[in-house]
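The structure follows.
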Amino acid sequence: MEYRHLGRTGLKVSAISLGSWITYGGHVNNEHAFDIFKKAYDAGINFFDTAENYSAGKAEIVLGEAIKKFGWKQNDLVISTKVYFGLNNSADPSNPINNVGLSRKHIIEGLNLSLKRLDLPYVDIVYAHRPDRDTPIEEIVRGFNYLINSGKAFYWGTSEWSAVEIADAWRVADKLNLIGPAVEQPQYNLLVREKVENEFRWLYEKYGLGLTVFSPLKQGILTGKYNGQSQPPADSRLATAKDKYSVAYSKTFGNETWQRELELVEKLKPVAQELGVSLAQLALAWVLKNENVSSVIIGASSPAQVDENVAALEVAKKLNGDHLKKIDEVLGNGFENPPRRF
Amino acid sequence: MEYRHLGRTGLKVSAISLGSWITYGGHVNNEHAFDIFKKAYDAGINFFDTAENYSAGKAEIVLGEAIKKFGWKQNDLVISTKVYFGLNNSADPSNPINNVGLSRKHIIEGLNLSLKRLDLPYVDIVYAHRPDRDTPIEEIVRGFNYLINSGKAFYWGTSEWSAVEIADAWRVADKLNLIGPAVEQPQYNLLVREKVENEFRWLYEKYGLGLTVFSPLKQGILTGKYNGQSQPPADSRLATAKDKYSVAYSKTFGNETWQRELELVEKLKPVAQELGVSLAQLALAWVLKNENVSSVIIGASSPAQVDENVAALEVAKKLNGDHLKKIDEVLGNGFENPPRRF
Amino acid sequence: MEYRHLGRTGLKVSAISLGSWITYGGHVNNEHAFDIFKKAYDAGINFFDTAENYSAGKAEIVLGEAIKKFGWKQNDLVISTKVYFGLNNSADPSNPINNVGLSRKHIIEGLNLSLKRLDLPYVDIVYAHRPDRDTPIEEIVRGFNYLINSGKAFYWGTSEWSAVEIADAWRVADKLNLIGPAVEQPQYNLLVREKVENEFRWLYEKYGLGLTVFSPLKQGILTGKYNGQSQPPADSRLATAKDKYSVAYSKTFGNETWQRELELVEKLKPVAQELGVSLAQLALAWVLKNENVSSVIIGASSPAQVDENVAALEVAKKLNGDHLKKIDEVLGNGFENPPRRF
Amino acid sequence: MEYRHLGRTGLKVSAISLGSWITYGGHVNNEHAFDIFKKAYDAGINFFDTAENYSAGKAEIVLGEAIKKFGWKQNDLVISTKVYFGLNNSADPSNPINNVGLSRKHIIEGLNLSLKRLDLPYVDIVYAHRPDRDTPIEEIVRGFNYLINSGKAFYWGTSEWSAVEIADAWRVADKLNLIGPAVEQPQYNLLVREKVENEFRWLYEKYGLGLTVFSPLKQGILTGKYNGQSQPPADSRLATAKDKYSVAYSKTFGNETWQRELELVEKLKPVAQELGVSLAQLALAWVLKNENVSSVIIGASSPAQVDENVAALEVAKKLNGDHLKKIDEVLGNGFENPPRRF
């Protein structure tokens, strides 16, 4: 396993991390989930990501159970969770009033409830799962600093914030001598590049911002498994999972965007073949090549997928400038940023 | 004339202001320029915008001469200039080493030379004409604060900066208890809306950012004068002006973008006709309806144009929500921003 | 016993303190260790120094047991420990990923685990056992301030940091209105003087830096017991201890540096004889004469050694300027620092 | 000419700059000095360094006269001077009481007198020519900020300060939201490397410290002109100049250090021969290869020397990693700094 610093912090995270989302506590049963966690830990993954709303809190419960079951120690782990959505999801849509957003109340209550589900005294990283434009940024920055100062988290970050919102959080943190967000969690993959490569481009150097990125395989599209299919394969999540995200996503199957993306995937095949690797491994390796990425979050639904994904670290070592250039030519979606000193 | 606050400052500027760019000291001769200045002043325009590099310093000289010639008092005027480019333009391309950019040296030396050309002890607003990514933002913010503290400017602003760069300037200003940028000068018109309506959308409330916008007629395209023309009209700037900007722009005549824009202009004609106004007036009035706009900079090349442009203030009063909705439908380039409190 | 302020703090520490390192929990058995602790306490030593990695955590356990066994109260003691190395040593080399260094995570987790081993609610002083050049100084300063603010330590210090790193920690502490490092723990003895007498010379006055110094006898060399020996004496640590530090050190026996040092020790004998004291006492007394030294850490392996070492306090009273001058002439390794006011 | 940023500032300085020291206003007559200035300016050198005490103020007078004589504009120049020593030198040894050091009084009075001699309203950079350990660092930092805030200098720096003193100046600057020193001026050449390569190694990244380095040829020794000489060549400064520095230096001719250095110079000859360049050019090119060096200050005593020195920029382009490695092997005085993130 390769370990990277989380942005400009002293914390080291495995370059590949295991995310929960709709998987654990969700469409994968718990025994199966424990096997996956075990496989990940044994492969050197020390970084496990979850959120209060993933499977309406069940993802945190399963993760906490795994830690206890295997006797893992918290000083050997990096655990992150996220507050914003409460328990809101299809199974439990009630999310009344103050159980959502980034009021001081929900920031603190939300993490307290997460820690209870995880059965842990603290997490390493707590994220603001979305921006909250109805709460002043000062209240938000103070809220996350409260969590850090009360020992319930070591670092805080953001997820799906805009560059200017991150800069504004740093403004308030600097003005008040508080701790700013160390990390942002956006989507990043071969098909979705604008935020990471363009919008955020000034932030890495200025604020030492690290990235933990999700959907490196764009919900499976970059594995190529949907190419040439007239409907979702019978064993795919799109065909089987019943959560609202999967159902909504399954409805995009075959639409215009979908077709365009499959065409791009088709064009990546020769590059994968030249390297002698699967499309999934190429896609993960490509994300790992971006030095602003601290960790790539995978969402394995079997121990075998963990193995295959971790193998992408070796693929990344083989990916050279020529391959990257070829990929940019084929996809035509890269960003050329002029050099700068600051 | 209508006067608006410059963003969240106490300064009041005429909603229509007179810009120099390549006009005065450039393709319009000085006597003619004086007539235009006089007409503008008499129409209630108190806000005159220029920059160190406009016509390589000559724009500032002409403006300074007009002020003296007509005996205008500085307390009745709002004068803005900009530093960054030195004297660099087609007539005087030499701009060696430190005569460009936003080093403390050029910020200070640049404005000192501008004031000499204007023959004024101070300006009201000094802009950073572009971002300088080779100079630390702290040096830049300190440089403009020096100008303010030494009495050479009352406010400072930016021109063509990104939202995140403006936010970062505010971070440093707030951290150091210095004055942040009060105003940004971007392009804004019916055809170019993304920056003002989307990228900057959080900045108005957060930092009290005002806007002084240029090219409200998109260099004449929105007057409709190029529609149905196989070449630039003989008396148009595109046909006559020899400065590098005009020459470069004339080469885009008739290209794909040009054609697409003329088609949009065509679609605006019915709205103008319904209101019984010229396309130019509709275009100016539409910009004036945006409450984040502190002032619209016009670049009249005759006294008559001043009159026609100022009349847009009356047109703006007639423009209602239905018109604006119609325009958005016709152009299809508007931004729907979700409501927020902060 | 003599008590000195720890640098510019209000805390008073015995001028002679008892360190653990590889001794307790290590090559000295526990019952023996308890006798030594008892003797030290009865001699007026109130200051006991340890670290998370000393004998892989066992040093802290023994110290905690002694406190409990003898019913000592924490308000009568000054306890210091150190974080950085985790449990890493020859007995337990595994120290994976985040269990080392000065990330916020390890600073907090490390001290929490130390307190558990000591079975104490807090220590008086927590040290950063080394600089961590992979973690921003702001994260480090904030981490130690967190420990102080959460009541787990009263003061923080550094060990084997460079002068410029200590100054930089003070820069961040002053900028953020946080608490800077009160004390540094370097090696200091008649043979190793550069750091304390030269590199650190500006820090004492500027930051009120105190020193707790280790190896006052340079691991026994300054006792003279190795002079005239062709191999380590049978009862010496070099001959008996099996920990990695002792083994590595035993390999330097007789090498060039070793010989050079023995020659210097030889030259000190006349001074010791003149004072009628042992070489060890002269060496300790000489360290005690340095007014920047808050406490000299001894590593006694018998109660008798405690007595002998504590007697050095009386020797220090006899050591006058002439003796010190003589020693400087004999050793030729002193530093003459020009007088200054600040 | 190559231009580099002065450390992390926005100011651009020629990589080779012309220093005054004992040359102009000293052992080179003024007409000759004007020829050298002219040659330097025409070669693209924009950066001229002087100090209040160089030739007891005469160096500044000559430089000011040259600027006037050739009609150079200050926005095309970078002028630096230094305060600390007053006018103290062999010709005018009286320097009573407050005309030396870094009291607020001398910082301000000193630069005012320098500006009078230079007949300029401001300089670009003002240096503290030495540390002043009898004046609190806060008074010093505030003094230099006063100069910047009153428009008499754009940046301030230090000369021959220690790393910890520079760090301490930054501490006070950060605490008080003032401007810290942007640049240090030490000696740096093939024979004197410790400060630049070891002591200062953490400062470049932390504070954005730039370096303007003097004596790149170590007062001529690195030209090889003293090799094989039993006495200083008749036309050398050592033989002719009467100022106190030259006289003192001439007395070291042939001593032990001198001989050791000549031997090292001898060993560099094969490297110079392989590149087909003079030893002087090799020495200058080697300094230019250090990316922490913003500018190398030369002290040409003829226009031809300017040409020869400026040609070193081309030599630097040819110097590759193999050459640098070879030089390190031959000299054995390099520093290997472990990699770090901060």
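Side notes on the structure shown:
Think of it as A, B, C and D in the order they're written, each chain with its own count starting at 1.
In this text, contacts are C-beta pairs under 8 Å (C-beta built on N, C-alpha and C of every residue); 3 or more make two chains touch, one makes a residue touch a chain.
Since the model is a prediction, treat every value here as computed from it, not as a measurement.
When chain centres are defined as mean Cα coordinates, C lies farthest from chain B.
To fit its Cα atoms onto chain D, chain B must turn through 95 degrees, a value rounded to the nearest 5. Between chain A and chain C, the centres computed from C-alpha atoms are 45 Å apart.
For the pair chain A and chain D, the distance between mean C-alpha positions equals 51 Å. Annotation for chain B: residues 134-136, 175 touch two or more other chains. Across the complex, chain C meets chain D through its residues 133-137, 162-165, 167-168, 170-172, 174-175, 199, 202-203, 206, 338, 340-342. Remark: chain A residues 3, 5, 8-12, 46, 74-76, 78, 124, 148-149, 151, 154-155, 177, 179, 208 touch chain C in the complex.
Put simply, chain C touches chain A in their complex at residues 96-99, 101-106, 108-109, 113, 132, 134-136, 139-140, 142, 146, 149-150, 175-177.
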